[in-house]
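Structure, as structure tokens:
Which chain is which? They are A, B, C, D and E, in the order written, and residues in each are numbered from 1.
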Amino acid sequence: MSVVLRVENVYKSFGGVKALEGVSMTVNEGMILGLIGPNGAGKTTLFNVITGYYKPDKGRVELFGRDVTGWPTHKIAQLGVARTFQIPKPFPDLTVFENVLVSIKFSSRKLSEQEAAEEAKRILEFLGLDSHAHMLASQLNVALEKRLELARALARQPRLLLLDEVLAGLNPSEVAYMLEKIKRAKQEFGLTIVMIEHVMHAVMNIADRIVVLHLGKKLAEGTPEEIARDPRVIEAYLGDPKLALAFVERLSSKKR
Amino acid sequence: MASRAILWIAIAVVVIAIIGGLAWYLSRETAQETAQTPQALQPTGEKEGCVIKIGFTTSLTGKLQKESAEQLNGIKLWADEVNSKGGIKLPDGRKCTVKLVYYDDESKSARVQELYQKLITDDKVDYLISPYSSGLTAAAAAVTDGYHKVMIATGAASDSIFTKGYQYVYQLYTPASRYMTSAVDLLLELDQSNKKVALLFENSKFAKSVASATKAYLEEKGFQIVYEDYYPPGTTDFATYIAKISASGATALLGGGHFQDGFNLVKQLYSANIKSIKYVAILVAPPEPAFAELGDAAVGVIGPSQWEPGVKYSPEAAKKLGIEWYGPTVDEFVKAYKSKYGKTPGYHAAGGYAAGLVLQYVIEKAGLDTEKAKEILDNLDIMTFWGRIKFYKEADKHGLQIGHSMVLVQWQKTDGKLTKVIVYPEAAAEAKAVYPIPWSK
Amino acid sequence: MVVSPELIMGGLVSGIIIGSLYGLAALGLSIIWGVLKVVNLSHGALIALSMYLVYTLSVMYGVPLPVALLASILTGFLLGIAAYYLFVHRVLGGPELASLLSTFGFGLIILGILELAFGGIARTIPVSQHVIEVGHAPIMLVQIIGAIIAVAVAVGAYLLLYRTWFGRAVRAVVMNAEASALMGVNVVRVLALSFTLGVLFAVTAGSLLSLAYSFTPETGTKYELYSFTIVVLGGLGNPLGSLVGGIILGIAEQLTSVIVSGSWGPLVAFLILLVMLIVRPTGLFAKL
Amino acid sequence: MESILEIDNLHTGYGKIPVLWGVSLRVEKGSITALIGSNGAGKTTTLRAIVGVLPTWKGRIVFMGEDVTKTPSYLRVEKGIVLVPEGRGIFPQMTVYENLLMGAFNRRARSKIGDSLERVFNIFPRLKERLNQKAGTLSGGEQQMLAIARGLMALPKLLMVDEASLGLAPKLAIEIMELIKRIREEEGISILVVEQNVHYALNIADYAYVLETGRIRMEGPANEIAKNPEIIRAYLGMH
Amino acid sequence: MEAKNILRELARGRMITNITVAAIILALLTIGIGSLYSETLSYYRETLSTFMMLFSVVLGLNIILGYTGYVSFGHAVFFGIGGYTAMVLMYYYGVNVYLAMIIAALAAMAAAQAIGFIVLRLRGAYFAIATIAVLEAFRVIVSNVEYLGGSEGLQLEASYYTGYSIAGYRGQMSVHYIAYFLLLGTVTLGLLLNLYVSRSQFGAGLRAIREDEDAAEAIGINTWKFKTLAYVLSSITPALAGAIIAWKRNIVLPEEFFSLTLSIESIISVMLGGAGTVLGTVTGTAIYHTVKTIFLTSFPSLHLIIFGITIAFIAEVLPMGIIGWLRLMSTRLRFLLE
């Protein structure tokens, strides 16, 4: 299995506030990596370092075996990396259809106008957005906005997909819908996914491996089971080990 | 949201309606005025009634609005006088009234070209008068000359318009190259030893061209230019310029550009009280009556003027020169202007009237035949209330004014009252020039 | 011509005096830009308007000058409140273009009224022409008084912003409008008053400048363009920054005039602006 | 027991998108009430509606027996509803002292600044040492303390604290929680806390509401809620 | 909606735009040719020349302001650069106007590249102010450099025009006709450029930048390259118009060629119709030019006030412009009104 993403000993601070302090991790092809941690742990900062919005103060980022540290964002994107934003950033004055179409046009594929439109339609259908194709992106509600965010990322046919809290603010049925789509997308598009997520059961369910960040440092890494039982994680993340263990029990029993 | 938008639309409609109404109310006056012209056009001639159309643009808006308005007053006065006498008698015996066709050019050359085109091809005017200012006249000439339409340029002092090879454009104003030369001549007359001159002109088209001509003339006359600078248009503070003039040891200052900067320059110069400077001549500002607001600071300041109500041009003077006198005397013109507009005419107004007068002369001799008119203008040498009028006829500077000359005015205090008097040339002078300027004593 | 140290001295001093007035003119733009994030393109027109207010009252109606000045400033205050609700409130938080255009429209209305009422001829207010000479440069007494008032107003504005409840509320709104609302600040009122304050500074500057120089309706344009530079130089919303920025610009302009030629003066201003925008768009001094 | 705040069937949201679908809750006088729930459940929205920076679409907010549904937010603050916002919302370029003064912006609090400062320094002695420091240069924990202290300066009758433990190391978070508890004990102020960390919240609260997708799912005494396995469902959105 | 339907709608919208654009160009061409033979059309020829001068600047501005979202407040700088470059070539080297135009456009593009390098790193109001500063700086420089005529400007001799002729008109007389057709050519080029930008992948990238520069980077758009290219493209038609006008008017003056008024007029035109649409630029400029002419002639002394109210009104009530507003009203219109 080849390594898609390797982050080595990355440091990043903003005016004295240390957002990342020596974070390292490796993502293999075809896996879903969950990135969890309390708010302000540095998860989104890590995404921004990987995608080139921030240059790390120290350390390196490797994508598909190439050192991309300090590359501009668009070049990293062109390597086959797509991301969603925690606060969705659709192109508000473009329609849903146009949003996806723009993304297709700037993927590495060379498609004719007709093919691009067909492809856009396919992706909108895949995410159940076809009935909203002509709405302006600014008119969407949160749930649809998140789907559009995902649609635009998928439209790039990426090899690595970075999802930043795509489930936040969704109700349980919407969460279930999104999870389903993410799983199917992974299969259909042959994706490798890194996802930042707060909705614990989701990430526990879907991720192959989990990395826990806390105050800019990597606190733990392992399978969901391992993470759920790690007392440091429980302490940092949920507060009460007993309470956490109780739900881990439930979780395990439900899985079985 | 929508209801708010409707509210806004409603407010806007009301506001626009109010302003529209106001505009209509205010414009009524001018509308009536123009409405009078057709009445005056009633055929009074022997044979059949005819109308001669005189076209021009004027800057009702924009930066040239004020000067342009006076020029328009002058033209209107001329047209009214002509029409009240039943019109102009053509060589073929017809008597034709005059109709003024004019539009607002916003002080912009793009509009000028558009509108002169309209005047020629749409309104089919017979003769043209220029807009106010050299820049606009240059733009207009580029259109009119191609159509072989005679245009009398008034309010345009630039020399360069007349070096472009135009054949049908004639200048009434003394050109910029001679604008300040008489101020130099006067200085020579007053004090042979005053040779250190400072030049401080505005960095604008007109002032710059006056400056370069003046500079050449000064050098020719053996003056020493100890300081030379150009200030950006809109300058209000002259402290550092004055400091440098003071340090340069200049004994005379020539400069200026527009009213506002000339006004501020003199105001600050007076306050600075530079004893070494004995002679100050400023462009444009001094002939304006508003210059008197400077009070004591204005005393002794000299300025070139195209024309003043006090000029002494007369039929006798014409006779002395052996040329024809044409049109009203200076006093007649001033009186007529005063009775119509309630104020003394300045040179912009006089220039407007004179443009009409020249056209009247031409029409009387040549009727509506442009080529004949051109011939008459090329050989014209007359004197009017405006002064002598004679155009350069060779192709290299065709149409340039060579007969008319500037007068110099100086603000003087007589019996504690500030008055503007003509001090040069001697023939036209009302009083002797005060020298040196009072503050240097 | 030799540029003597004496002339340089004169340039420096007049630069400081004129610069203080530039700074005062910029202060209004700075406050509005800093607090409301609106570049007030009616700034120059407001400056011109106040000049004509002083003129109308003192010259046309013979009101004593100090009263005319105060009345002009008071009118500015009322106008500021009205202008906020008519031209600014609706475009706050929208695209820049909307606020640029609506304030520009407001400026045009003022200019139109001034053109209509007074025409293009320059007006002047007769005051004492007394000057003090520094390095040959004649510096008018009214300019010096103006500069002193400018410094006083800038310091006053500083104290207002840093030492009063209102000022703290303004700064709080700039830093975090929602948190300020949570402290019990009426945010809309603060915005409206800040705009009014900006207008107030503009008319104060205009009223003072009207005493030193003659003016036309277009006089404000130059101050507006210079104010952009000064605000970028001094930091948005920082009164002392505006003052210092104005003085820097004044000195640069006057020294250019002394050493090279006055006609290059404006270029220096725009080059300073461009360099600042690229090198340090936050200004030399901390913003509000 | 007397209630200081009563919310009845509150609906609100952002733009046209509803977030709360009829939330009703009560805060007893002198109690600590906790509002917990998963991310995006509408906890912060509820607090913002109570303090009035978000308009109420439907429903009623009664504070100390007075209907404040239509009262503008700055007047609600004056009546004593004070929110310590999520992310602290301190004024970074102001000094600690100025931040505290801003806390006492409302007219009722202004006259008692001297007393208030003394009380606040008593609870947060660390702030007194940093009085003239720019608030933006404080550490995360200190900023959170400052935010709460600033809230106290407003002389709240109801203090609402949104996500006080956010981004703090556990030790610090616990310290903050203890301070909140102490404020209730020493000042007798009614408190409504919103917490992502169930443990912290339930530990200090008397009574708790569990919010899920804009509706109250569950309520009860904090210790009972803590034991209820259903909370996991609500909090973690499990089915 | 089916993808096919979408494509059909798009195609229909493009056809409408194509037909409108073609009709406008044809109408202008007809009037131009007509004016060669009918004197009564001459006035319209001149009015339309003024209109096309503004329209050329608007078409350039729309690329950077409409599609890319950068409020260039001093766009007339390219009009000035074009005019002055052409004039220097004609005045000093006797270059004919056609070659001068091309060189002027190239010079403006080079200047745009250089200016863009400085100003395009700024956003929002800072960008707007910086572009004003650039414009003013150019004006000051030009009015102080003797080679460029300083404040007196440069003026061509009448003899310069002797070589030009069209349909029997020669020299000075031919200028206004030839200039009309040159302006028409510039406008056509501008419309084609705008159509290209609105339909190409490049234009899609610009729109993405306008909407959200970060998200645009994330989908692989080299935003710096794109916006620089947009700025360079936006300088072409203003520069060509500047060159033609310099030749037509035979004189260049600093304040007329580096004019803040022209910049602002073009912004208002773009805003009025709706930024970022081809039809919007046409509508906006046409309405602006007509309304202004009416205001000027009917309310000469009040036109500034009425204008101010109109501008503020647009900014507050119709910030998307007329076409933009129609597009917002329904998605169908969105495709039809490109």
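Structural remarks
The rule is simple: a residue touches a chain if its C-beta (ideal position, glycine included) is under 8 Å from a C-beta of that chain, and two chains touch if they have at least 3 such contacts.
Remember, predicted model here, so these are calculated numbers, not experimental data.
The minimum number of touch steps separating chain C from chain D is 1.
In this assembly, the chain whose C-alpha centre lies farthest from chain E is D.
With every chain reduced to the mean of its CA atoms, the largest distance from chain A is reached by B. For the interfaces C-E and A-E, the C-beta contact count is higher for C-E. Between the Cα centres of chain B and chain C there is a gap of 36 Å. With centres set at the average Cα position, the gap from chain D to chain E is 55 Å. Chain A and chain D have CA centres that are 31 Å apart.
Within chain A, not a single residue touches two or more of the remaining chains. For chain D, no residue reaches two or more other chains under the stated contact definition. Each of the following residues of chain E touches two or more other chains: 140, 143-144, 301-306, 309, 313, 316. Applying the touch definition to all chain combinations yields A-D, A-E, B-C, B-E, C-D, C-E. The touching residues of chain B, counted against chain E in their complex, run 5, 8-9, 12, 15-16, 19-20, 22-23, 26-27, 60-61, 103-104, 106, 108-111, 113-115, 117-118, 120-122, 135, 138-139, 142-143, 145-147, 160, 163-166, 203-205, 207-209, 230, 232-233. Interface residues of chain E, counted against chain C in their complex, comprise 65, 71, 73, 118-119, 121-122, 124-126, 128-130, 132-134, 136-137, 140-141, 143-144, 264, 267-268, 271, 275, 301-316, 319. Those residues of chain C lying in contact with chain B across their complex are 1, 4, 6-7, 10-11, 14, 18, 115, 119-122, 124, 126, 129-131, 133, 135-140, 212-216, 218-219, 221-222, 254, 257-258, 261-263, 265-266. Those residues of chain B lying in contact with chain C across their complex are 61, 63-66, 203, 226-227, 229-232, 234-237, 239-244, 246-248, 259-260, 263-264, 267-268, 270-273, 290, 293-295, 297.
Across the complex, chain A is touched by residues 1-3, 6-7, 201, 204-205, 207-208, 210-212, 214-215, 217-223, 328, 331, 334 of chain E.
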